[in-house]
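Scrolling down, you'll hit the structures one after another.
Here subunit A shows up in two complexes: once beside subunit B, once beside subunit C.
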Partner chain A sequence: MNFYKSLDSDTKPIIIALGFVIMILIVGTIYTLSTQGTAPLLRPSYVLQQLQVGSFLGIVAAGMMMVILLGHIDLSVPWTLTAAAMMATTVGGPMAIPTGIAVGLAVGLFNGLGVAYLRVPSMIFTLGVDQVMRGLMVAHTGGYAPDTDATPLMRFLAAEKIAGVPVAIFVWIAVSLVIALILQRTGFGRSVYATGNREAAAYLSGIRTKRVIIGSFMLSGACAGIAGVLLAGYSSQAYQGMGNPYLLPAIAAVVLGGTRILGGRGRYLGTVVGVILIVLLNSVLSIMQMPEAGRQIIYGSVIIGMLLVYGRNQAVTS
Partner chain B sequence: MANGSPIVALKGVSKHFGATKALENVDFACHSGSTHAILGENGAGKSTLIKIMSGVLDPTSGTMEMEGKPVSFSKPSDAVDKGIVCIFQELSLVPDLSVAANISLANPPKRFGLIDHKAQNRIAEELLARINCADVNPNSLIRDLSLSRRQMVEIAKALGKNPKVLILDEATSALTSKDVETVYALLGQLKADGIASLFISHRMHEVEALCDTLSVFRNGTHVETFAKGTKSDADIVRLMIGREVGSHYPAKPNRPRPAPFLKIEQLAWERALKGVNLEVGKGEIVGLGGLDGQGQKELLLSLFGVMRGLQGTVTVDGTRIAPNSPAKAKADGANIALVPEDRKTEGLMLPMSIADNLIAASFNKVSNGPFIDGKKEDAAVRSAVEKLQIKVGDVENAVSTLSGGNQQKVVIAKWLMTDPDIILLNDPTRGIDVGTKQEIYKLMRELAEEGKAILFYTTDYAELIGCCDRVSVMYDGRIVSELEGDAITEEAIVAASLNIGTDGEAA
Partner chain C sequence: MIERFKYSLRQNRGFYGALLGLIVLYLLYNSLHPRGFSTAVLIQNANEAVVLAFVAVAQTIPVLIGGLDLSVGAVMTLASCIASVLVTGSPAEMTLGIILSVLAGTMFGLLNGLVVVYGRIQPIIATLATGAIAIGLALFVRPQPGGDIDGDLNWAITNAVFDFAETYGFADDGNAAWLQPIAWIPVPLIILTAVMLLVWVPYRRSVTGRTAYAIGSAEGAAYMSGLPIARAKIMAFTLAGFFAGCAGLYLAIQTSSGNADVVQAGEYTLKSIAAVVIGGTSLLGGVGTAVGSIFGAFIIRIIEFFFRINIGSFSIDPLLQTLFQGVVLLVAVSLGSLRLTRIKNRLDVFR
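And then the complex of A and B:
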């Protein structure tokens, strides 16, 4: 218990989430051993396959974390992701992937300008942008799945393997390294924490808080764009609503990983653990052949329950 | 002074905030049918006194009596029920509700359990007519009214509670001259009606004109109560000060006034600044004096690029500057640093580490390209901690774990790291212990000796006298008096702050 108490408040949630991951593994394995006599959760191939699916979520969550650290939120992720995928397959060829990322950056720039300069609450502004992107994509495709295909490079990045390890996981690792480096080792990253903690103090310290907000939203958009490109590669094409299942899990992963929803604190490692936790929870629930309704209830209850545990640890200060 | 038993009497009342003694063993009484002025410097305990009387604060010890019976209020509405009504400095109106709804906010007239709008408007009309404001439409929203009209609605709201004791805390400071006349007339009428009015104002001529009894407070104690006309202005000022100026300030250098480095000409901003002229030379500490809220804060913030829509010119070393953000103000060319008023919300990111707070203004100085250099960062943090002798266990601890004085040192150290030419200080010693205060005085003098230009706003007159080469006193958005050398005395500063007898020679 002393060890637990000695941890700083940024590390505690990560330890708790990690404990929960192990608990899910144990409970899931006991269940499979008793019903099927096998332990698929401990098989490397199964774990890697789950992580491949999880890497799309992981990339979205990495961008989402930048925005949540500021105390904002990016609800435009679903259709930013879809738009990036659709535009990438439409353009095709070597420019497919840059196009997808550029779409994400552009939407992020627009979000950032709206939040930083117009001072519209991000929850409203990005929600509106999400609808606008949806409308644009329906207009572009006529409401059907576009008949254009993902390029071979997109398929390679999303669905192929190198030495038995899915390439998508390497992409997730690369994105993670970039985000972690930005957060820990750049003035921009420190400014994100400062602005999220106390915007007035950051501004009066001479930090260009508007640029920080715009930069963070652009990173979030870029991550959504990368995820869209990969997802299109994974399913060989883009389709309507492909980003919808990623919004809530991405926010949940960031918050479960210990990032404060009001901004200012949280470590990137926590977000990675949060993503693994959510992916694992989903896969255990599907192994148990839980009906969809029950799965949703358990999934939501776990998120609320864990946040309650965190809340008890963090004394209300200042 | 009125005869008979007082309507409100405080006996041995003390109020402590932690170690700070805001009121200490105060006996105070006021009588029906009198207009009673309460005078004192900033922090003398006036606001605490009226907050206790109106039930906002509980006294730490002591008792309060009304009409001879002991009372204790657990919340403001208890005081209102007993007839003590306060008009606070900060307006307490809801901007998005109508005038009538605001006036009857606490106790609206009801019909079948629902608010009776007709009755509500009638009440508002009657009260507004009583204070000569019949031109205010009871249905208009508060947000659409001018500040002066809002203050009048506030007064109407207070009258609607049928007060026996009416407390006006700086209630006339936002009024236009026509409305001030109305309030004067109203106070006369209230006096005739046998209501006791407690009047807090920094405008001496108002006090002279309106009040029959004066009470002076100083450092949380009640010094004296006397009838109007028994003491001269000079006597009153002396009663308000009445303490020794400490000698714990570093010696001031004796040398001719340096050439101006920072030059401010006719700086104006909205209603707060009305044409400020000021010069600060390298190596000089120039104090900004005056009562709270005369534009000192706005002056510092506008130099730092926070205010939009400035008029006038600011030059640094002969070059005109017009920063539009703190980022520009701290950049080359201006090199300005600001230690803001409230360190907890403006100076520091409290939950972040000491190290992160220290480097927050100078990422470019500890980085190679976009990346922060860990070695440079450590070295910069260590030298800052050493230079200001900040008492820290581990620089990775949250800055909120430090004492107030050490937190303030972190704010100052953060700005020294940017190597500024001009340092703006907004009340840097507020709420910190005497020892740290002296270290900050010493540091200020050292920085001046290094050739920095320092502009220093403080509410403590002793600091102005002890630290500053020159003192400029602000009143109503202007500098009304500039004192230098031996002319910097408490009497001169207080007189200038109250703008007594200096109207003619205002700068």
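And then the complex of A and C:
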């Protein structure tokens, strides 16, 4: 108990989330042992396969965390991801992956300009940008899945394995290292926390908050772009609405990892744990062959339950 | 009098802007439409706009307290699924079904409020989670799309007052002289107006309603002034559930069915936020009205209607519809940044 008390308030949620991960593993294993007599959740190959699918979510969540730390949010992720994937497959060849990431960076830049200079709330501005990207892609493809294919390199990064470990996981680790380094070791990272805590104070202390906002949105866009390129490689082509299932789980993963939705607090490790938690929860529910109705209810209840344990705000008393 | 109007104009720029935009767009739409300014067009438009209008009103109240309700679309879906099961049979059974489906929405809103207030979880993330629960419940109630809602009710509710009277055989089947001045009005608009007059107006004038505005402006100050913070917050989310329930009920009657469609729920939630902003309500809380959000919802729908007009040289490629909507949304919300030009102290930018 003393150990628990000695933890700082940024680490506590991560420990609890980790506890939830272990609990889900135990419950899932007991379930599979009693019904099928096997324990797939403890088999490394199964876990790696789940993490391979989870790495797309992990990369999106890494970018999302950058903007949530500012107290903003990036709702343009779904169609940024889709646009990056579609552009990458359209261009093809060696320029496919740079094109996808460039699309993400460009959308991020646009988001950042709107939020930092026009001061439009990010929630609504990125929503509009999402719709614009969707419109552009519908106009570009005519509303159908484009019949262009992913390049071999994209397929290698998303679907192949090195020494039994999916390459996608290595990409996730690489993105994670970059984001964690930025947040902890660079001035930009410190400015992100400062701006997220109180933008006016950060501005008065000489931080160029507009650049910080733009930079964070560009990182978020780039991450969505990378995820889009990978996802296109994984399913060997891009398709309409491929980014939609990633928006809300990414936000949930970031928040479950202990990042404050109002910005200014949170560690990157927590986001990783949050992603693992959501991926595991999903795979246990699908092992149980839970119908979609029960799945959604459990999904929502788990998020509420966990936040009740550690995500509570201070009551306003002054 | 003029002074008061000028003051109101200064205070509610967004609201009057939305009203003006709505009038201009709708006149333009009708003058381009081959059957413009006719009852048939008005009825069709009203039917397609009223569900979004209800959802937008639902979204407005949590936004006023500085929160956000990401579950409005899901609660609407839940209510419509319940309605598609219950609103059938004898008139008494149907009435009970109508009450129960709106009540279900209201109860879900109350749950949201309790989680936000006593769980002390940020509204945006709490409703993100409860939204999933609402969709789950809706899927549970109606695993497959369908439903058998009374055809008469569907016809009566989705047409003009004349058809309503004809269906239920009062006022000489709608031919009575006193009914004629209002016989052309679409029933959905009457329902919307009635619900707003009976629920929103009294709420806006109550202590609870005023407290909601106070919380949005400065929660600490509202607390120190002894206003009932907890009650106002719970009430805000409960009312959001109520209006989302109304939206769901109307959607179910209009389509004669229920469908636990996750994508549709998400779209309504996002469009409701857009409608609230276009209607002049600040996402920071404390400024705005639900009536503005109704105008915002109508504007969003009218822009969609433009893509259906097809006369001679004037037609827009339907493939460009989404793009056009997105651009209009971006331009509309960016107009709000005109306030930056009036700011005297550079620190006020960060509010």
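Brief remarks on what is shown
Methods note: the second predicted complex is superposed on the first by the 310 of 318 C-alpha atoms of A that agree within 3 Å, B and C clash if a C-alpha of one lies under 4 Å from a C-alpha of the other, contacts with A are read in each partner's own complex, and residues count from 1 in each chain.
Convention: a contact is a pair of C-beta atoms (placed from the backbone, for glycine too) under 8 Å apart; a residue touches a chain by one contact, two chains touch by 3 or more.
Model, not experiment: these values are computed from the prediction.
Annotation: superposed three-chain arrangement on subunit A; subunit B versus subunit C shows a clash.
Look at A:Leu105: by the touch rule set out above, it reaches neither subunit B nor subunit C. By the document's definition of touching, of the two partners only subunit B reaches A:Tyr193; subunit C does not.
When both complexes are overlaid on chain A, the residue A:Tyr203 reaches subunit B and subunit C alike.
Between subunit B and subunit C, the partner in contact with more residues of subunit A is C. By the document's definition of touching, of the two partners only subunit B reaches A:Arg185; subunit C does not. Using the contact criterion defined above for the overlaid structures, shared-chain residue A:Val275 touches neither subunit B nor subunit C, since it reaches no partner. Of the two partner chains placed by the overlay, only subunit B lies in contact with A:Gly264; subunit C stays clear of it. With chain A as the common frame, the single stretch of subunit C that clashes into subunit B is 4-12; none of the other options in 4-12, 58-66 or 94-102 do. Comparing the two complexes, residues 200, 203-204, 317-318 of subunit A contact subunit B in one case and subunit C in the other.
Interface of subunit B with subunit A (complex): residues 304, 306, 325-327, 329-331, 338, 340, 344-352, 356, 359-361, 363-364, 367, 370-372, 374, 400, 414, 418. By the touch criterion stated above, subunit A contacts subunit C in their complex at residues 73, 75, 114, 117-121, 123-125, 127-136, 138-139, 142-143, 199-200, 203-204, 244, 248, 251-252, 255, 261-262, 291-301, 303-304, 307-308, 311-318.
Across the complex, subunit C meets subunit A through its residues 68, 115, 119-122, 124-126, 128-133, 135-140, 143, 219-220, 223-224, 229, 260, 263, 266, 270, 273-274, 277, 283-284, 319-327, 329-330, 333-334, 336-337, 340, 347, 349-350.
By the touch rule above, subunit A contacts subunit B in their complex via residues 181, 185-188, 190-191, 193-194, 197-198, 200-208, 264-265, 317-318.
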